[in-house]
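Note that the chains are named A, B, C and D in the order they appear, and that numbering of residues resets to 1 at the start of each chain.
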């Protein structure tokens, strides 16, 4: 068993707004292991990006409620910001959803990288920039881009540079938040492979790949976690999830995937009737029950996390029924 | 840095010693730019008086002439005037001053159109008797006008001005004025004119040396600035009308001519001109009724805080003019604030409210509405005409104040399109009431525009003849008294303009640096720095000033 | 880069052209025939009248066709001939203005630059510090709402009359000799201070409010989030935000120059500070139309020149413009 | 509940009315309007009347004291406020209208219309307006509130045009407007139904700023003596105070209070504006 880089236990984080709590992340438990790419999938609004924010960038109105998140054994939820700051970029890092917009328009790339690492006590000297150049080479970029402003770069270039920046200090855990969404198909593959490369080269210790696109995950993730409306739905090895889903939502998600090609423009699941519930002041119970064909009275209670298999967990009162009829 | 400091201290000594400098303001309205004595309306104040001197000075308070460049002057016959000049006077460039210069000054106006060229209508010839004696020969001596010319005309050096081409006489700025006077132009800047004492002035031995080594005449943009500067003792003398002076003069140690009201000497008379070419203002009964309706007392009290005196019905003031003042005429034809009487007069003349709109209408039934105008921005006058309009309204005459811009104001005066207007441009104190009458009842009213006074356009050839007659009478001629009384009577009977109050010789001084200012208890000199008035005693004031300890 | 500048220059040239044309047209086409009113005004001056009339006929070229008048107007303009002042007769208007404009520059340049810098700093601070924000913002709103001349009156009353620390009129004392010497410089600065303070403070509010909003805006931008996620300190993020927030503030400087200059004109009047504003008031009071027009023209030139300088600065600090990635003018 | 439904539908109104800045601003503004409307009725004096002794500091009889001549400063202020409001309403409306029309045309039609209109706008923008106003006013012998309002309004619109243009651009490019355009709906209807509806709040804020901007410009003119040639205005009251030495004589109530009222009025407008800004741009609300 590989070492757990990240251990999440019953993590809850709500958006506190005037009208009440938006329970966007409501009790999620999972681990990320060294050398692993964990895929996180779900519809938009399922809480996957909130998960990313909770882990690395909590700002009002997003508020940590309870649970723990241990990074290399330290609980980063209760850690003072000052100390957590030291972990950023070195131990935990993120490639944000908005990678194309993550540059300050008035700074050269070189200055930007230099300033960021200086904050972690690393002098941006020649040796450092040599390393940066090396990394750039990895992503087929000429070191001259360092002397450019972001406006001079194409979207694909920006995406690659952000990946280099976010991983420049070889973090143990890297969150890749919807990094493929804004790209065309060939770039998507390139970026996904790049993430795998970074892991293979040992530059990053592990990664959490957040996307709504299961087909990409299928290519690079060891394990996949499915979330629904802020709740944990199911986690398991990629093959298990794809071939033997035990949560009705996972099932629906898989069913909605077109067989050939990738169609993600319409984020809504065409295969499932209805829309996800509003999370404002939502009560207990399985959040998928309103759309679930397997709904029972039991579903009025929040389902517990159950072990299905080695490494395969699910939160559904009826998972047993579902698993069986899918075998084959 | 050291270099800068050395340089800085090296130039320090150039600064004027404050204790030897007199700082004043109120007569200079823009950056100094003109020292041409032939264009007195444009010259920097002091050009005439400090640099270019006159034949005589005239002291209005005692009504006496002080021989200046002239040693004496007298009518030797009815039409010859002999002037004897002082000896030993030099122009500041070293040339000697003599009779030729005086002759030149007059004759340049014969050959060129200057503001005093019309003197040659009645002057025939000037004979230089010797280097310091001149004989003026007239065919029709205007005795009264001559009185004024003697102290008004700036004598200029022939050796300089004869070389100036004729077409530049009026346009030259004359930046290096060469005169005979007690001060010389030293330097100037955007906001000041600086004069320096002429140590070789001929008068040093005759009258005494002026006390201030330097005169700094500041361009002070307005009375508020002047007041601030007086409070800070930045100004030694201000010639501004300053609201609030009666209230604070003692607190801030300001000296005015009189300790109490009216604080200031009178300098000119402000009149309300009624346009006699406009119906129904052509009706003398209406005009006279208005004179009784207006309350100048209130204007003096409210607007001027009693810094002005209410005018005599004849408009005359000052020793020279009052010699001709006729009590009898005033008793009979004078007026005073009496709204009841004004109403009665209006009723009798048929000015009643015919249409019931609350305002009196003309006897023929037409509605009356008058506008009283003063230039916009002339704040004291603006307030004054508000009171006048109110006064008239109280007796039922619909009058409103109007504040057009100055150009419109002048335009209306000159074109004769106004109803009523306040003005005082030609009513300044002088040695003879002729100047006043010649302005207030000028006969130059038939041109396209009227510029020489009598804005009412009151046309009375008899009155004009009387004024002309007065001009050619010697002051001691008994006929002069008769003519003068007749003029006053005619003006009061016809009331083309209503004398309201005497604008003051605004002057406030401080005693931080200079003392012994001329006041009612020390009437030596005249605290005035306005252009063209230095001969009234301002030089004497400079001589009498004492540095404060 | 070239495109940006040339487009700007074109606008300035057209503006200048229009300003000159307005200058030419107003006295000719305004209702009420101002020229004849002007002429009549000088009828009282014996001797002077002919000169000024000659000047009018000559400079207005009244007997010529309009188009010729217009071209002549331009010709004399380029010869530096703006006519002769009536109020400071017979000084050429251009000389009168030259002497006054120095004071505007001495007053305006430091006031604009300092208040821009300090205002931006304070605004940036206010944008990140809630406590400071609550205290300072109402004050900034007050400053930016105050009419320049009223604030000048307040400043004059408090510092000039009540506390009597500073003089409230003129550019220097009557008794010092202008020149490069310590007493004069000290005295000059004393007179300069209150009008400067007025311009400085009133503008300050606007800059601070602008910067505060920019900082808040930048703080919530993606790059700030990204930097914070990667452990950048508040200070660094603030610096980045400031650097970007400065850009619209520079543009704002260009937009507000006109207002600031107008404010300076009025402030100069309160303090009788002998710059163009004060000169213009004198010119208005004395109906010196040549001088009014000259002042107007110079104010336009001054504002245009300042705008152009701001444009160049903007070009230097904003790579987007420098690299011609933005056509925004 | 009906009330809740109402607030849900008009969420912005709810936020506006719960925003402290908007509330403070509206309260002060209302107070000023009331003062302008009823003030003249409340005071026993008329603005040019000698209401009492001169030099009186504020008291029960003379809330803002008296001038040097004994005129009631409060009376003058409330009458002046009236004229100020009139100028603000008229000039503000003119400027907003012109700005909106030009900005909309430029933003909606784009191409050369945009180029040309923006050129004009930019020219007006760099023009030192006070100087232009002075030169215009200097040649107008008689000026009423209307004249002043019109010249101020005609020169104050440029920044509004720019702002409205960029708003129009962004709204135009949103789906529903495009849809309307493709379906051949008339420009006027698009303007009314799509764009105007979406820009209403924005234009309202612009109007508030124009209101205060034109007031300040007009007061500046009045202070120069180029305001209305009849009646009383706040700028004139302040000009009088300066000309009659109120500062030097220590009559602070005369020199400062009328301007303070004006400044507070402008501050209240700013408060309303920023408050509304926070309502419409929630990003600023976080602070």
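As a convention for this text, contacts are C-beta pairs under 8 Å (C-beta built on N, C-alpha and C of every residue); 3 or more make two chains touch, one makes a residue touch a chain.
Every value quoted in this text rests on a predicted model; they were computed, and no experiment measured them.
A.B. asks: Could you let me know which interface, B-C or B-D, is made of more C-beta pairs in contact?
C.D. replies: It is B-C, judged by the count of C-beta pairs in contact.
A.B. asks: Looking at mean CA positions, which chain is nearest the middle of everything shown?
C.D. replies: That would be chain C.
A.B. asks: Starting from the mean Cα coordinates of chain B and chain D, work out the distance between those two points in Å.
C.D. replies: The separation of the two C-alpha centroids amounts to 47 Å.
A.B. asks: Just curious, how far off is chain C from chain B if you go by their C-alpha centres, in Å?
C.D. replies: 40
A.B. asks: Quick one: report the Å distance separating chain A from chain D, using the average Cα coordinate of each chain.
C.D. replies: Centre separation, chain A to chain D: 51 Å.
A.B. asks: What whole-Å value do you get for the distance between chain A and chain B if each is reduced to the mean of its CA atoms?
C.D. replies: 93
A.B. asks: Can you list every residue of chain A that touches 2 or more other chains, as numbers and ranges?
C.D. replies: In chain A, nothing touches at least two other chains.
A.B. asks: Spell out, as numbers or ranges, the residues of chain C touching 2 or more other chains.
C.D. replies: Residues 34, 160, 168, 281, 285 of chain C each touch two or more of the other chains.
A.B. asks: Where in chain D do residues touch two or more of the other chains?
C.D. replies: Residues 138, 141, 225, 242, 247-248, 286 of chain D each touch two or more of the other chains.
A.B. asks: Let me know each pair of chains that touch one another.
C.D. replies: A-C, B-C, B-D, C-D
A.B. asks: Give every residue of chain D touching chain C within the complex, in rising order.
C.D. replies: 118-119, 122-123, 125-132, 134-136, 138-141, 159, 212, 216, 219-220, 223-226, 238, 241-242, 247-248, 250, 252, 255-256, 259-260, 262-264, 266-267, 269-271, 274, 283-284, 286-287
A.B. asks: Can you name the residues of chain D that touch chain B in the complex?
C.D. replies: Interface residues on chain D, with respect to chain B: 48, 50, 54-55, 68-70, 138, 141-142, 225, 229-230, 240, 242-245, 247-249.
A.B. asks: Going by the contact rule at the top, pick out the chain B residues touching chain C in the complex.
C.D. replies: Spelled out, the residues of chain B in touch with chain C are 4-5, 7-12, 14-16, 18, 21, 23, 29-31, 33-34, 38-39, 41-42, 113-115, 170-171, 173, 189-192, 216, 218-222, 224-225, 228-229, 232, 234-235, 377, 405-408, 410-411, 414-415, 425, 449, 451.
A.B. asks: Can you list the chain C residues touching chain B in their complex?
C.D. replies: Residues 34, 37-38, 40-41, 43-48, 50-51, 85, 87-91, 96, 99-100, 160, 167-171, 173-185, 272, 274, 278, 281-282, 285-287.
A.B. asks: Tell me, which parts of chain B touch chain D in their complex?
C.D. replies: My answer: residues 222-224, 227-228, 231, 242-244, 247-248, 302-303, 305, 376-377, 379, 383, 386, 402-405, 407-408.
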